[in-house]
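Heads up, the next two complexes both have chain A, just with different partners, chain B and then chain C.
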Partner chain A sequence: MSTAIDELQAIIAELKTELEEQKTSTRIARERIERMSAEVVDSNPYSRLMALQRMNIVKDYERIRDKAVAIVGVGGVGSVTADMLTRCGIGKLILFDYDKVELANMNRLFFTPDQAGLSKVEAAARTLSFINPDVVIETHNYNITTVENFDKFLTTISESGLQKGQPVDLVLSCVDNFEARMAINAACNENNLNWFESGVSENAVSGHIQFIRPGETACFACAPPLVVAENIDERTLKREGVCAASLPTTMGITAGLLVQNALKYLLNFGEVSDYLGYNALNDFFPKMTLKPNAECDDRYCLQRQKEFQARPQPKEQQIDEVVSNEPLHASNDWGIELVAEDAPVEQQTTNTTNVASGLRLAYEAPDKVDVNQSESAAVVNAGLPETSLDDLMAQMKSM
Partner chain B sequence: MSTAIDELQAIIAELKTELEEQKTSTRIARERIERMSAEVVDSNPYSRLMALQRMNIVKDYERIRDKAVAIVGVGGVGSVTADMLTRCGIGKLILFDYDKVELANMNRLFFTPDQAGLSKVEAAARTLSFINPDVVIETHNYNITTVENFDKFLTTISESGLQKGQPVDLVLSCVDNFEARMAINAACNENNLNWFESGVSENAVSGHIQFIRPGETACFACAPPLVVAENIDERTLKREGVCAASLPTTMGITAGLLVQNALKYLLNFGEVSDYLGYNALNDFFPKMTLKPNAECDDRYCLQRQKEFQARPQPKEQQIDEVVSNEPLHASNDWGIELVAEDAPVEQQTTNTTNVASGLRLAYEAPDKVDVNQSESAAVVNAGLPETSLDDLMAQMKSM
Partner chain C sequence: MVDDSTRKTLSNIPLLQIRAGPREKDVWVQRLKEEYQALIKYVENNKQSGSDWFRLESNKEGTKWFGKCWYMHNLLKYEFDVEFDIPVTYPTTAPEIALPELDGKTAKMYRGGKICLTDHFKPLWARNVPKFGIAHAMALGLAPWLAVEVPDLIEKGIITYKDNC
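Up next is the complex of A and B:
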């Protein structure tokens, strides 16, 4: 009799273990793969990627395994970004977020309703490891904008590359607020790390990516939004009962453009876009390049600018097309005109001294701007006196 | 003692049920929601979509629940398309595919390694129902190109709308071969149904979507690839040990552009693009409109053309920009030039009479094409004599 009970208890223990594995997704869907193979068999998860070599797109695809990428913000754009890089077989992902998954996130790809309540980095890491156990996933569940955490963030991106003590190969910003973008910008300027900024608008129908190379292109502080929150949490600025709209399409496309350009940069194929916008209403994709602001507030940016100018410039590294003393939308490759949603940095009003409580002007706007006076591409006044504070707020959120 | 055994057995039965539920994903992550609410709370999966109304993007978002969409092909593009529409809260999805999930598919979004071996429609339906139980999912696990199945397909898209006996609101083609596209085209011409064609290139770095309105714009038979397979399975034409390259980025972006334009059409906002290409190497997005071919091989297309011409044309419904007696890449909105990958239909060779075994020319190419002779936009010879058969094959696959 006691043998029967022992056996039943053994079965229960086994079932409980299996159930726990199912629930926590610690179960293994496939074994790790030592080397990427180009063999064309159904069981090879890398055959379609290695085929990029045969198609003469990428010279040595497997180099992707040597790359470490930090993703800051694992929301609508960041989670899909992580998913894509994981499926591409990236060497290492370092995820930063301090938010929790909510049912209200289900209108974007990646997270599932059963993950509601879990931390985003934890939920993402489980799913990503399950999809591709070859990728090293590291998670950081904190807000990078506090003083203490900023230092941890700074150290992490400068020392958590694939080789111990080496910096990551690229930082991808997928955050949804100004403060976090400024923190990433400061850290990347200090560490001299290339990074991509990304964003989608509050009305869900436009997005953008921007490739920032310290000293070579405008940093985020070179061309900030004009009006920003001061001494107040940006989130509490939102009106009661109002939230930003979002769509899985716009988020997925923005993540796709971000990762595609990251791949082009990491694997050295095609042309990496410096700035690429997406307007969903009319399928319009503006491109441009912003040069650094010689009067940037970030001292590391100024230092990187000096270093860049001192470097010998190979012809192909020069920025062919800079916009300096003119309004930013004056010209570009296709001779098209930028629209407001895609280039918030270029819109300023001349009369916004009466900003609402909790806001400040990022720059003291002179009464009259002499467009020939400033070297800076970023602070040119585009003269849109009809722009309201609400519009500016929307633009700020859309950054 | 026997009570103890009974209790243990009851526990085992319970654990087994729970484990089965975990394994088959029949567990419910959230209850169905009767009506979409705009309430801004973390537990509302529709708050960010309903916010499109407040942002003045969509007038009545909840109408999406009255829409039924058929997705043919649930691979790299189709599965993400289904995922996005499910998260948007579409009324009903009807999925067609006859393939199985393989590990070789893991370099694209959506499917997970544990689903290897399952039919794509079955695996997709489980995941989609779990993500959003409000969406009605119907699956069809067969090849639509056989005579018998084509009739089933024809009937399904004409009678499986949300109201019994009504047609679906839209058909989305996410297939990877010519034969299936021709089948969808024939069915939509016969049923007079609007549909989107989509595709990605064999080298993974370009994609396109095309909106086809029978009689109003070129159908797929109006402008087919020049060289197609004949009496031979397209798949066996592939060289031994060679497969197409693919990337989660290009597939995700193509799906995003497809669903975004489908949403614009279904919910009546923004401008729906007739043709939108994407070239990943230089972030180039050509747009154009193709008018129908008066000599199209599809008799239903000719009938729809007559019906369309007989309809009174409101000014805003007219096609502003048609490309007729010129090479297709002559002009478009942005004054840009089309590149080969983005518009396979415009590339033909003048000397391909010696096609390989298993191929035929879709049209008998005249020795010299008088571009002023034909009314057709589709069969204009763009004169690229250096195009090799391999290139044409790559283009055919990329359609």
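Up next is the complex of A and C:
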């Protein structure tokens, strides 16, 4: 009897160690890699990325390891964005979100049902470090739009780059609401940081990305948000009963467009789109550039515009151009003409309302003239004796 | 887009003048005074017209607001806690009003019980920055939401009448 118990105990001990081994081995799939190798072997996670150099697409791909990117919002678009950048071997990712993973998120990519209940940043950090342990991942679990958190957010994006005290190289907005976008806009204008805004419509059939370089392109407060015109009759659009629909496809495509342009910007290849829309109903991709509004309400935007105008404007065509004497297109059967981008531009302010076909402003811009008019309605303070805030608070409380 | 009675309610709420958010400490106090004055007037108006429907108060800084709102249905009063933060980008962006106890009970809500506003609210708000304040957000955002959602929730048996309120 006692020998049988001993035997069983030995088996249990053996199984325990085996279980431990299993647990640890699944969490660390590989060791960290010091340098990215271009060697083409099955065991090199970077061989296909380094091949971009050999194909003359990217110069010095390994620079990606010196880049830090902040991702605000780790939902349907943000999590896939983080996944892609992790697989590309980005140096550092800083994730912001205050939400938890829910089963209702399972129609999107990345998160798995067993992660339900975990904070999105924590769940994402675990998966991402498992996929690529070379990426430094920092997580922040709070809502950036509140007064106390916004200051933490400002400090983080301006000091948590790869070198301590340096700003991040790029901020990616993957949030789902106007308030958070405006908060990111305010922070990036203030810190003079370039950022991409991204979004998917509430009916899940369109998406967009927008590259904002403070002072140089329109900031998010310069004009009402630009949205992809879906040509759906408002009267037939049923909104009753739900706030938002979502599709993994639209979100994945938007994340793809976002990361593609982020990579082009970070590694200087190709042409970065200033605004790129995606209409899923007819597979249309409108594209345009938005000039900043000289009457923007954000004072840091105005400051950045002044700074930008004071800077000598580089001739963009001369930078990074591949030297070639051959004509780009020998024949031109379709009579396609190029129109110079630096052709005289009209007044900057009118520019924000002239949008490319297939796009529209989310709503009409407020009429600047009418802001200070009190119209017929009463205005607070009018003829009232000065009352202290404490008195007002007390009065409200006693009502 | 806004019905006549809402329009009348709105026109009786004083408009605000100061454009300042909670990060601009000094000017924010001035804006906060305007907010309180507008709210006090709105509650007085409601009392006079027999449609008193909410109370609000804030922390000292005026960045966190909380209180109660109620809705009358078949002569019974249904009461809910209301809360919201003033976002750093206020008044350019409206506060996101939340009824935490109804979180998860209706699809017309975002996480944390933030009410889902109509397509018309944000454009209307944007066109009236900085004239609209918290009182306007209550009148244009929460009031119509309660009027549509509460009867529906009662009918579905998701909320029931509590004697104590």
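By our rule, the second predicted complex is superposed on the first by the 272 of 399 C-alpha atoms of A that agree within 3 Å, B and C clash if a C-alpha of one lies under 4 Å from a C-alpha of the other, contacts with A are read in each partner's own complex, and residues count from 1 in each chain.
In this section, contacts are C-beta pairs under 8 Å (C-beta built on N, C-alpha and C of every residue); 3 or more make two chains touch, one makes a residue touch a chain.
The shown structure was predicted, so the numbers you read here are calculated from the model rather than taken from an experiment.
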item: Touched partner set for A:T250, first chain B, second chain C, both or neither; value: first
item: Which of chain B and chain C A:S129 touches, first, second, both or neither; value: neither
item: Which superposed partner A:K287 touches (first chain B, second chain C, both, neither); value: first
item: Chain B versus chain C as contact partner of A:Y46, first or second or both or neither; value: first
item: Touched partner set for A:F178, first chain B, second chain C, both or neither; value: second
item: Which superposed partner A:T145 touches (first chain B, second chain C, both, neither); value: second
item: Touching partner for A:R30 - first (chain B), second (chain C), both, neither; value: first
item: Comparison of chain B and chain C by chain A residues contacted; value: B
item: Which of chain B and chain C A:A221 touches, first, second, both or neither; value: second
item: Shared chain A surface residues [contacts with chain B and with chain C]; value: 241-243
item: Touching residues (chain side chain B, partner chain A) in the complex; value: 1, 4-5, 8-9, 11-12, 15-16, 18-19, 22-23, 27, 29-30, 39-49, 51-52, 54-57, 80, 83-84, 87-89, 102-104, 106-109, 112-114, 116, 130-132, 202-205, 241-250, 252-253, 255-257, 259-261, 263-264, 269-271, 273, 276, 280-283, 285, 287, 334-336
item: Interface residues, chain C side, partner chain A - complex; value: 11-17, 19, 22-23, 29, 32-34, 36-41, 43-44, 47, 55-58, 61, 63, 85-89, 92-93, 96, 107-111, 116, 119, 122-123, 126-129, 131
item: Complex contacts: residues of chain A adjacent to chain C; value: 99, 143, 145-147, 150, 177-179, 182-183, 185-186, 221, 224, 239, 241-243, 297, 362-364, 366-367, 371, 374-382, 384, 387, 389, 392-393, 395-397, 399
